[in-house]
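Just so it is clear, A, B and C label the chains in written order, and each chain counts residues from 1 on its own.
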Amino acid sequence: MFGLTIEQLGFIVRGAGWTIVLSLLGFVGGTLVGLPIALARSSNNRWLPRLSAAFVQLVQGIPLPVIMFVVYFGISIGGFDIPALVAAGIAMTLYSSAYLGEIWKGSIQAIPSTQWEASECLALTPVQGFVYVILPQAVRVAIPPTVGFLVQIVKNTSYSVVIGFTDLTYAAKVINNATFRPFLVFTIAAGIYFVICYPMSLLSRKFERSLKRS
Amino acid sequence: MDPIVRFENVRKAYGSLEVLHDLTLRVEEGDVVTLIGRSGSGKSTALRCINGLEKINGGALYVCGRALHEANVDLRDLRKEVGIVFQSYNLFPHLTVRQNVTLAPRKVKGLGAAEANQLASHVLGQVGLSEKADNYPEQLSGGQQQRVAIARSLAMQPRLMLFDEVTSALDPELTGEVLRVIEKLAASGMTMVLVTHEMAFARSVADQLVFMHKGTAWETGKGEILDNPSTPELRQFVGSGL
Amino acid sequence: MSYDFDFSFLRDYDSDLVYGVWLTLAMTVAAIVPGFALGTTCAISALYGPAWLRRLSTAYVEGIRNTPLVIQVFWLFFGLSVLNIHVSATTAAITALVVNVGAYTAEIMRAGFETIPKGQTEAAACLAMTRTQQIWNIQLPQAVERMYPALVSQFVLMMLATSIMSQISAPELTGVGYQIQSFTFRGFEVYIVIAIIYLALASVLRLLLFGVATALFPRRRRLKTPL
């Protein structure tokens, strides 16, 4: 079918599976690290906002393939022989945490300060105010850009090809080397990425519109 | 001689809402015609029909010898002869005053840089803003910006100038400078059609005052009609101090 | 765990690194102008062109923005060689970058055109300017000025994306890094240095592009309005 054997198609589909796994790893890891960063960025501390800003600017200024290499070689130094998935997962986590941290910091800061004042006047502690008043509103604001960034995560997992991780891009490259049918193979791969990403792009825009309306 | 603008039984509607109803109006060369009336009376719409910003649905409209009610009228060609000044000036913020004024003469009429600059100096002098030629619109007051807008239209050397409530967006103390420029222009013989709320000005500058009501020329005449309105509608309009 | 960091490669391979920087910058700059032109043309035709052109433009933009650059590069590079069209890897890389950044630019410029008040195009039309003259003299300069920060960010991202081009053997900084580490076996140190260089390059590119802005936007320069 499609001019490829079942085995070849299966190889590609397995690669797509690993792309999804890495994307989820990147998102979950990015959330775990990104949330503290967002909080640090919005805190009133002297050092935390600046330190976390430095981290974000650092990560955003380095190409993801280079981050992958740094993580990969860095871990090998420790003498660990790790699968590419772990290195790629750590790299995606670092990358996602920086961007998600910025997005969520923006969402928190988008809530007008009058809301903080209101919760103080209701005698809520700062933590309670944050959890019960600010956070729910910030989450609503955060949803469109977060869903939009998920699209970036999925696309950027393709950079793991540089450390030999067997994702969809790597699988497509291998099959192309075997069959010499690049237009066919890479169109299929592109199609799979598109089918995953386009609905999320539309969803993100839909969320943004309904947010604007309310 | 043919009038520069001739409305004949013009009708215009937005969907089911009729804005102009059987409008008949003539503007001779050198005339100054002011359109007054309540909001919704159709005066701005009538003005915007003259340079083709609005299309009419019925009747006939002739402007500068062109039949605007016909399908394939060349509006761009018409607009070389008909200038318009808007309520919100619509100056180009990224260009200096001089560039705002010389842009159309250079691009549309093909004037060279030196010629265009000379023209700009002349029209800016006419509106009293020669020293502001190298400023940007945001550095000017509302009244100054509106005068630049007038100069910009004048630079195209039009046969007819349209003014669409050009002082309505200005602070009261700034309207005077704009009205004086318009008066000067009228005295120099420019054919003009103005829509305005400034009653005293409308009456003093107009050769013909047109009170519009329900989309038609309800009552026309010289400024005296404001003192002795023939129709109850105009009486009410004048009395309400609008 | 003890590890002796060894940055001595910097002495031996400094000229290679400089060459890598030059290659990366050259690739980036070569792609910026055509990419911007393509994207802007796309945005304009989507706004003012016939319906089929608008649909085509949307398909292009969505197709590029929802697929990875790596796949686009592979598709182009390996596709061209199968068609027996022989272009250098660098040319293929730059072409892929142009197509990619064109789609993102189209979105940015579309938003830019939409911020321009309709009154200005109305005024321009009433001054007897053609649609083309209106776009070129009134809308385009303002759209570029308003969206400049977004455009700069996009071009910096594109520079970072050149990092993947060594995958098709188009030489650039990351590829140089790979070669150095294959000779020195100091992968960690090498890529740390490469990372630092990219950070510096991003700042250099931003400075360069804001210098261009100062030349392009005299009003900003004269009135000192921030971008």
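Criterion: contacts are C-beta pairs under 8 Å (C-beta built on N, C-alpha and C of every residue); 3 or more make two chains touch, one makes a residue touch a chain.
Just so it is clear, the structure is predicted and the values come from calculations on it, not from any experiment.
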**Study point:** Chain whose Cα centroid lies nearest the overall Cα centroid
**Key:** C
Revision key, fill the gap. Taking each chain's centre as the mean of its CA atoms, the one lying farthest from the centre of subunit C is chain B
Exercise for review: Go ahead and note the Å separation of the Cα centroids belonging to subunit A and subunit C.
Suggested key: 21
Point to revise | Centre-of-Cα separation between subunit B and subunit A, whole angstrom | key: 57
Point to revise | Centre-to-centre distance between subunit C and subunit B (centres being mean Cα positions), rounded to whole Å | key: 47
Practice item. Over in the complex, which subunit C residues touch subunit B? Could you list them? Key: 117, 119-120, 122-130, 133, 137-138, 141-142, 145, 217, 219, 222-223
Point to revise | Touching residues (chain side subunit B, partner subunit C) in the complex | key: 51, 53, 75-77, 79-80, 83-84, 86, 88, 90-94, 96, 103-104, 107-108, 136, 138-139, 149, 152-153, 156
Point to revise | subunit C contact footprint on subunit A (complex, rising order) | key: 58, 61-67, 69-70, 72-74, 76-79, 151, 155-159, 161-162, 169, 172-173, 176, 180-183, 186-187, 189-190, 193-194, 197-198, 201
**Study point:** Touching residues on subunit C, where the partner in the complex is subunit A
**Key:** 1, 3, 62-63, 65-72, 74-75, 78-79, 81-82, 160-164, 167, 174, 177-178, 181, 187-188, 190-192, 194-195, 198-199, 202-203
